[in-house]
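The following pair of complexes shares a single chain, chain A, combined with chain B in the former and chain C in the latter.
And then the complex of A and B:
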């Protein structure tokens, strides 16, 4: 009997010891250290202020309630100024010097793409890259097994928008204004698929990032007899495009990809933005979705200023929920491999804001659906269920 | 054919509005160059500061009274101009006077540094979030014979015209204006002739700050959201000033308008009919600039300076 007890003790010690011995960098008795790379000084610095603040709102809530398996989550935020080379340098610093457990919510398609080699080399997972580029979940690319996307890709969003327009008006002439970079490239990929499926031709108009005048593009869409315009921009572009259209006496239906979901668009565009329909990959921050209710409660408790609240701040919050769920599933003795395995157990997981998320070894896209949100009387209203 | 002409006419009108934006910024460059021969690379940032200050005044005077009234707009405008006077005066003391007679490279570096500092300072004070600017014109439009223009664009065009007339008159018909021109020609000789050169410099920086503030106030609603990147527009106005002829007020306006119209038509009708133009929209303005400079090295309205040896 003593022998058997002895063997159990030895096995117990070994298992426990092994578990601790193989735990990854970034994990201590009481802390999980994660790394985030944002644009804090470049063209998207506004998002750099909003996203980590939203994430920390949820991490603070989790930490106050005992953390994840007794460990507090601590996030280090680095700046890449939307420069892929700086993103690589920041990732090196986070991985080698700070020894973070994983990377999370790194913003921008190009910076995230630039991180693939360093992810593959270090085996550090990247959870919820803050870009809706479909390339993030392309499993044929380098380090794809380590990247877990949470947002429906731009390519799928565009395809869904084209389908939606044609379902309302089979004779619609569709046009698209897109940013001439990797964001636009992914949008055009979806456009090409939609064109082939529907047997139509979409009029394409490009613009350079940072453009402040769209008179030429709007004039061309007008000349092309376009009845429905998809704006694949961010926040400023849809406002200027819609105002320019009004100023040119042109009144098509306007649609936008998910970055155009910002509620300030309807504020700044005024009457020109009436009827603007955008897609979103998550429930609205001011809706009655469970995450939104918790978000607003925590915002009030933490005294978050009204100007911070909105889609982007909420985006930080809900991706933090995905990460925390993954960490919970990783167990008491987290390693990077265990985190990857744990995330791959997500099966129609409903966190309260995203559509049900599923990951497996062959699919890290997470979600495939969007909702449609339309501006009526200056207010955003959800006008559809989740559409695939 | 009529459709093509109407399209071209509409694009020209939109291009003139865009061009007047470049022109207003170029005018700020030109004023300083005309009197001090210094290129102020922070002109775009002066404009951005003006837009922020006006936003601050509108929100302060508004104090939860709902939509701003015309009175509030005018009050904020007046206050912003007073600010611009003080700001221009300070800049003269901080940038211009200490670097007077220093190598041109030092002055250029100082104005580039100023632009970076202003962007960072405004970002620190106002926060990283973009603001939704106020506009007294809303989305109102005017339509004449099928050609449409927004009231906001019209106000930009009118402001550019009025400012050019005012400064043209000032430089050519007033004592101070002539003093400024004389200072630009030869500051030592001007001083010997009894012109208070330092006061002239101060005045020109103040004028430039006023022009920048007016441009900022008009441009902010057209830029849809107000953030510190507005200052980068200054870089686009730079070729406009060169095209028109650095140091020429008429040239600043003409250069701006030519650039605006070329940009809009190449993005519009030309790209619509010739697919390949789309690929070179970004460089078309620069090609025109080089072509003009090859024929007229001093720009369209610039005066050739002949040095007798």
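And then the complex of A and C:
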């Protein structure tokens, strides 16, 4: 009788493939197919070109060195024009038609939020969504068990910035210029927490995505006697805000959230950008962090033009490192469930750029800390350790 | 007395309805990625409902609207709030939300009594921006710019959980919308709307009440956009202000123009053409075009849409439906080619 039961168990294991791992969509003998959705034709199209290029730089390096358990990584990039509906369509195509193994580095908060129902339905994990919105690691939301965030959220970044300003000047009058969209929404969440904690009131000035004139916002901050301004913009906004302030004879201390960390800001803002302090959730691309050294070496080898190198290109590179580490831990017979389980074994994993990353069943935030970077003599310098 | 559709062969309509019903089964049999194609068809179905209403407004009456994505947004947010926060059943919301959108249509109809053409286009575009700001401002209900999660449609206890289920819900509504649009277009209202488009003075002289009909068509167009909005919200499960930008309104106008303005079937054809082009054919063409010209892949879609609009307006202003009618006449008169006969 025991023999018969044993035979049935063996047959069952073989049928289910438990002994050797079931074949998962996107996995072949020699390839792992992953899907990426970027903004290639919308308001963030500039980043849409940089992020996948940075990721491919690392995937090429891994592929040249034998791939992940002998499989080459191949990435398909789709365009969503920063429209959530198009992001859903692109994800459906990648999952249903192209049969990708997982989604990776999808850009934008609302496009990522729109993907939650598809992720839940298909069981496809989303690794390193390219948004610092804290909502990405909210474990109470749909499909949260399938989303692995790598970046410290905007809400935490804003709270850290307010704390930092108040630690230097307890009487500081703080103002914030924020994009009136999902990004700004998360920044305001952090602002509200910081206000409650410190018992202060932060002056809020909104702008619409794509705005190029900030004279009104700067005039209001000036009128409100604001001494420290946090700019929750991307690249061009801090440049224009700081130059407008100089033109209006207004000289507060300027700070920025992580998207304003781009080194081109200090180049374009010139003297107006002196002293600009921003937060970042990873080491600098031109620092001596292990990932940065490898990145620069590979950029040189691959002939990456100087204008492409920088924070965003590097961001693609280091999130690719997280994905590859997850795939390595998944083992020789990857399935989507095994990838999720493998990522949840990360415990203070140091990839060489991010602060130590930890994931578990109850926490997919990855990192909680940032560094402060200040522009001095036109050059970005790290002025703090990792701050939580 | 001659009946309304006596001259028209309607035998193909039941065949078409059966084909629509069987299409998901055919797709499932043909390809493993049928869910993706169903999703694209569902999107086309929702847009068809909206463009039928837009055609009545812009095609039949000649009133340009660049604010239809805002009507879609109002329908979507109203239904999401009514169903998920107030707690009314989805089926009731499918009737109440479009009525509310229709009232917003009336609101926009007021300025249309005094302005036309480009000025009306700009006014409706401004309406779109106002709606977006209002959605952000009423964050207590809408969750602001962060977006709102929306429940599945549930009718009589049946939950529409998949693209397959949604397909039948959406296309049932789309078929009803097309029939309703055709009936309105062929009725006294439709004739009055076309009279207004051709000459307001002449229409008024023949007894058409301009104010009444202009307000009415904005209301009707709002109703159609409202139904589309309800379906959009509950089948997408997530809505945000990023869904409803000005570009979407322009796409709707392109759909109507490419299909052939002032023809309901044209609106259907134009919508199908643009949606299928956007999601199925442009991705196939991207690599070819990129290989031929040094263009970034993101720009190819804009380039193709611009080119299509340009070609249709210059060479075929009657659109796809006009093309179909020409082919039909040609076939009917074959071998007596009408062009040759003219010579």
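In this text, the second predicted complex is superposed on the first by the 367 of 388 C-alpha atoms of A that agree within 3 Å, B and C clash if a C-alpha of one lies under 4 Å from a C-alpha of the other, contacts with A are read in each partner's own complex, and residues count from 1 in each chain.
Throughout what follows, a residue touches a chain if its C-beta (ideal position, glycine included) is under 8 Å from a C-beta of that chain, and two chains touch if they have at least 3 such contacts.
Not measured: the values here are computed from a predicted model.
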item: Partner chain in contact with A:135 - chain B first, chain C second, else both or neither; value: second
item: Chain B versus chain C as contact partner of A:48, first or second or both or neither; value: both
item: Touching partner for A:220 - first (chain B), second (chain C), both, neither; value: first
item: Chain B versus chain C as contact partner of A:243, first or second or both or neither; value: first
item: Touched partner set for A:117, first chain B, second chain C, both or neither; value: second
item: First (chain B), second (chain C), both or neither touched by A:271; value: first
item: Contacts of A:181 with chain B and chain C, given as first, second, both or neither; value: second
item: Residues on chain A lying within both footprints (that of chain B and that of chain C); value: 45, 48-49
item: Residues of chain C touching chain A in the complex; value: 32-36, 39-40, 43, 136, 139, 144-147, 149, 162, 236-238, 240-243, 245, 247-248, 279, 283, 296-299, 301-302
item: Chain A residues within the chain C interface of the complex; value: 39-42, 45, 48-49, 79, 81-85, 88-89, 92-93, 95-97, 99, 108-111, 113-114, 116-117, 121, 135, 142, 180-182, 184-186
item: In the complex with chain A, residue positions of chain B that touch it; value: 3, 7, 10-11, 14-15, 18, 123, 127-130, 132-133, 138-139, 141, 143, 146, 148-150, 153, 222-225, 227, 229, 232-233, 263-269, 271-272, 278, 281-282
item: Footprint of chain B on chain A - complex, ascending; value: 43, 45-46, 48-50, 205-206, 208, 210, 212-213, 215-217, 219-220, 222-224, 235-236, 239-240, 243-244, 246-249, 264, 267-272, 307-308
